[in-house]
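The next block holds one structure in the form of structure tokens; read it before the comments.
The letters A, B and C name the chains in turn, as written, and every chain counts its residues from 1.
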Amino acid sequence: MTLALAICVAALALLPLGYIAASTVDVGWAGIRELVFRPRVGELLWNTSRLVLGTVAVCAVLGVGAAWLVERSSVPARRVWHVLLVAPLAVPAFVNSYAWISLLPGLDTYAGALLVVSLSYFPFVYLPVAATFRGLDPALEDTARGLGLSSWAVFRRVQLPQLRVALLGGSLLVALHLLAEFGALQMLRYPTFTTAIYDQYRATFNGAGATMLAGVLVLLCLGLLLAELRLRGRRGYARTGGGAARPVRPVALGILTLPALAGLAALVALALAVPLASLGYWMAAGASAGLDLGLLGATTGTTLGLAAAAAVAAVAMALPTGWLAVRARGRVATLLERSAYLGSAVPGIVVALALVTLSIRATPWLYQTVPVLLAAYAILFLPRAIVTVRAAVEQSPPVYDDVAASLGASAPDRLRRVTLPLLAPGIGAGAALVFLAVVTELTATLLLAPTGTTTLATAFWSASSALEYGAAAPYAVVMVLLSAPATVLLSRDARRGLTT
Amino acid sequence: MSSLTVTDLTKSFTTTPVLTGLDLHVPSGSLTALLGPSGCGKTTLLRLIAGFDDPDAGTVALGDRVVAGAGRSVPARRRGIGFVPQEGGLFPHLSVAANISFGLPRRQRRDGGRVRELLGLVGLGPELADRPPHQLSGGQQQRVALARALAPEPSLVLLDEPFSSLDAALREETRLAVAEALRASGATAVLVTHDQAEALSMADQVAVLRGGRLVQLTDPRTLYRHPRDLDVATFVGEAVILDADIRDGRAACALGSLALERSCPAGPARVLLRPEQLRLSAPTETGPVARVRSVDFYGHDSRVWLDLPSGVTVSARLEGTDVPVVGDAVTITVRGAVLPFPSDPAGPQHSREGTAPAGTFLDEDVSTEPARVS
Amino acid sequence: MTHRLTLPGRAIATLVSVAGVTTALAACGDASGAEKLTVYSAQHESLVRAMLEGFTDETGIELEFRDANDSELANQIVEEGEASPADVFLTENSPSIDVVDKAGLLAPLDDATLEQVGEEYRPDSGTWVGFAARSTALIYNPAEIPEDELPASMLDLADPAWDGRVGIAAGGADFQAIVSAVLALEGEDATREWLTGLERNAEIYASNTAIMKAVDEGEVPVGITYHYYWFRDQAQNGLIGDDAKLHYFGNADPGAFISVSGAGVLASSDQPEEAQRLVAYLTSQVAQEKLAESSALEYAVGTGVASAEALPPLEELGAPDVDPGSLDAPLVTELMQEVGLL
């Protein structure tokens, strides 16, 4: 039963990939040659790859540098910096992009795009690297210093190799997010595959042109996943010897303290202060033109409702998969879990494109309805739910069920008194993460929202696309406020929910 | 309280047989240890008794009441069997008091007196009642788990390796507390363990399991002194095994001519003696002379590894601090009789003589060398 | 590591479940059987809403809008076919409604409705009708380029001299409609050649408003767009800026193309009468006057209805003669894909 459910979930997650594959076969070789092997695709490939490479490099430097300063150096107010460095995640990339371009219209260049997306995405590297730094045994570093290594040599020869898994994982996240990024880059007039697919979609709805571009984009994503797997090799380094970790003795910065503080302050200013100030400015400008609180409230309500429903759906879908992954470890369970992860590595635009077409053709009664939109959200954000549900199931081994049975509890009793209370924290955390991701989802919502349904993200988008920056600001502000709790969750536990 | 009777119990997982026709009787009010190496089926047996799994064949009866087999399967929750899993298995979301009262009828769950009484039974103070389980030590968790299992006054309590995760000092203390609580409650108990010292010290009777069958069921002393075969002998304690020739009611072996514990047909045999039966003295001309190879000094006693002229290495347990040093030549005398096992040409042939460490079966890979000598 | 439910975690979990139930209830409450037309609309939201302001009060028919881009909605309706939830389709430009018409998905309109609009603003088929019109124009920044150096024809913008100096919104339906006029007037080869030149020369913007802004700020000297973007900005006292000026090509140049916004009733509609009433209303004197009075500054097409005073009369703009029912949107998409503008 659980297995059957988990298979259904995996099948749903793989639906967009299957759709792209089937359409590719449908289009045929001649069609592929015509639609894929053309200068425009080459241009997009060049644009996309140089932006991905550049952003990953910038994020790696910013993320690792900031993490080292916060976790290993004597820089003052380290906890405050930690929160400030995670906080940019509360500003969706397309809001950040809006904040910048509305102030500096000249940012519509490669450098501008690189700047804006790097500022949005560097926390994806910072968070796991900082968490790894915290877990590293300082005894190793002390030993290395004892062997005569300088701080730089310690970083390069001792710490960096141990950070590899976190750095690669963070970089993969940056790259996958960037491949899927639509709003931020569209606003910056920087064409990549995702924005081109959207243009194609607008020109042809679900034409072969859009699908073939989506095919190339999916190949890029899969390529990235494979590359990360190969580079990562075996799963990190085991910490030898148990025992409590000794407290870290931070590296004294001395005369470098001021430059370090200035660097961190500049990063936070660019990544957080600029977008917030810009939002504040447009908020004030928009308020003078009149703020429709009723409409804002209704849109917020719709968004929260959709997000809550998606959270419930995603967690319900994550339960069988997460359960099997722990309780029935083996090839089948792993395969099912991986399928879910693979499915959500597909960019939102592709998932939406697939679901629009499939729902028209296969399930017309579902077409343009909330369930299809929820299915897209579930596919996109399922891993967040699976990761947390899985952790919760691990916290609840079958022995509790056995004990409760031996104490006379019936099956429903056991579910109520033991299993659910044990899974509740994981389910709650997973639901919260999905909830907050949906609140700021733009791309899939643009394509799949039922007629008459407007969310904060799409309302923001239509106003800002019309360059009505003041009218767009309130929606952005609500999204930022709603995202803030997720940021708190993430700054506490880096590993949870950082999957795409 | 009731007795437990297991008859001809059989269970396979996919194609691997785990239990093959096992019989076991646990008298009411007694504590029986199920002793065996990992993979012998003891945990499976426990789960079948508890009702977490169903047997393929055979029956489980509590007193006169058949709870599994013969076409019926009473669900675990109706068997009235208490269960203490490894590491306690305390519900992490419930306080100590709520854990203990989990199996009580709803009305009694709020009865603080009952909880205090049960905490007292397992030797814990009432101040622990409101703590969450993760604030308890491992030993305390085990005791709370026992209190929880005893709360509904089960007819039988099953304990699955309850002490294996505790460190040595805590283990001893927890064992005593658990044994006392079980005795005080008068419960019939089955304790699964792979630790022979635990089985011998705690249980009224020990059931040795091997390959899904019961090999021997008897009280600890008999088990140690009269194991059914050499496998059981080595499993329940350190053993010195020597090839011997039985003649005129005595065994001729590398340690000389030794008295027999029981009669044995003449001819080739193997004899079992325990290291504490060996006595060492200054070399004389009467006994066999051995050379001290190494000494493990424990304080209260020592193990002395000895090379016999025949090339066999045996160990002796010596009390006190008057211990020979490496290289000394000593004469070995044997106190008491040895237990003979006629060589069975069809049975397993153990190639090497010497000392086997406790807790191993001979037909597994047994090293007769002291581990630290290389 | 024990996994404990923190207070915020509990709060969020509760919020999620409450909101989930609320949504479910709201979804149930929505299933009332009131008359409601689904309108797929690619025209500017504010304009359509203003024109239809009195419709629901007058008829009791509720309206639900799906706002998107011309081609997207047209292709969507074709893909949806008989199952389309749309009752009425409103486009910003005529090529898209033509796509739906050619797929045979439009029902004939009532004669009375057709007669409310001038013949030049509707096709002979009688399956759709124009409800607004707009003229192609060139916006330029006099500080960057003097008026006498402006091109004589829009086709000249493909010339290498214009490299990097012209702004277009290639992904937008407006520009694609303008291309369809070039295609209708100049033929496929000339259009391909023009697009190839533009692909090299043009700065691509996301919308006409963005072009307006870019020209105004001198980022790019000229931009191809529709007239009303400039007039609207003028009406708002140059909110974006008042540096940019407007230039009409005239002389029956493809750059003087007048694009018609079309309205049609879907043959698959399950409320055909109500849908016909909507289109009739949209082309009626009431709605057309609303259009003329609105801040949209598009041209009214209702017989006898005058457009906004600020606008030069449509007849004086020297538009080329293009049959609104003859524009080929799919070929435009294909050509734009071919040259790499899409």
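The rule is short, and it goes like this: contacts are C-beta pairs under 8 Å (C-beta built on N, C-alpha and C of every residue); 3 or more make two chains touch, one makes a residue touch a chain.
No experiment lies behind these values; they were computed from the predicted model shown.
Trainee: Please find the two chains that have the most C-beta pairs touching each other.
Mentor: Max contact pairs: A-C.
Trainee: Quick check for you: compute each chain's CA centroid and the global CA centroid, then name the chain with the smallest gap between them.
Mentor: Per-chain C-alpha centroids compared to the overall one single out A.
Trainee: Taking each chain's centre as the mean of its Cα atoms, which chain lies farthest from subunit A?
Mentor: B
Trainee: Could you state the distance in Å from the CA-based centre of subunit A to that of subunit C?
Mentor: That pair's centroid distance is 34 Å.
Trainee: What whole-number Å value describes the gap between the mean CA coordinates of subunit B and subunit C?
Mentor: 86
Trainee: Roughly how far is subunit A from subunit B, centre to centre by C-alpha average, rounded to an integer in Å?
Mentor: 54
Trainee: Residues of subunit A that touch two or more other chains: which are they?
Mentor: Residues 395.
Trainee: Can you list every residue of subunit B that touches 2 or more other chains, as numbers and ranges?
Mentor: 92
Trainee: Spell out, as numbers or ranges, the residues of subunit C touching 2 or more other chains.
Mentor: Counting only residues that touch two or more other chains, subunit C contributes 2.
Trainee: Flag every residue of subunit C that touches subunit A in the complex, lowest number first.
Mentor: Per the stated touch rule, the residues are 2-6, 8-10, 12-13, 15-20, 22-24, 26-27, 38, 40, 45, 64-69, 71-72, 74-76, 78-80, 83, 85, 170-171, 173, 176, 204-207, 209-210, 213-214, 217, 219, 240, 333, 336-338, 340-342.
Trainee: So in the complex, which bits of subunit A are touching subunit B?
Mentor: It is residues 395, 397, 399-400, 402-410, 417-418, 421-422 of subunit A that touch subunit B.
Trainee: Per the contact definition, I'd like the list of subunit B residues that touch subunit A in the complex.
Mentor: 47, 50-52, 75-83, 85-86, 89, 91-93, 102-103, 145, 148-149, 151-152, 154, 158
Trainee: Where on subunit A is subunit C touching in the complex?
Mentor: Residues of subunit A touching subunit C: 35, 38-40, 43, 105-106, 186-187, 189, 191, 196, 198-207, 209, 304-309, 311-312, 357, 360, 364, 367-368, 370, 391-392, 395, 424-429, 431-432, 435, 451-452, 462, 465-467, 485, 488-489.
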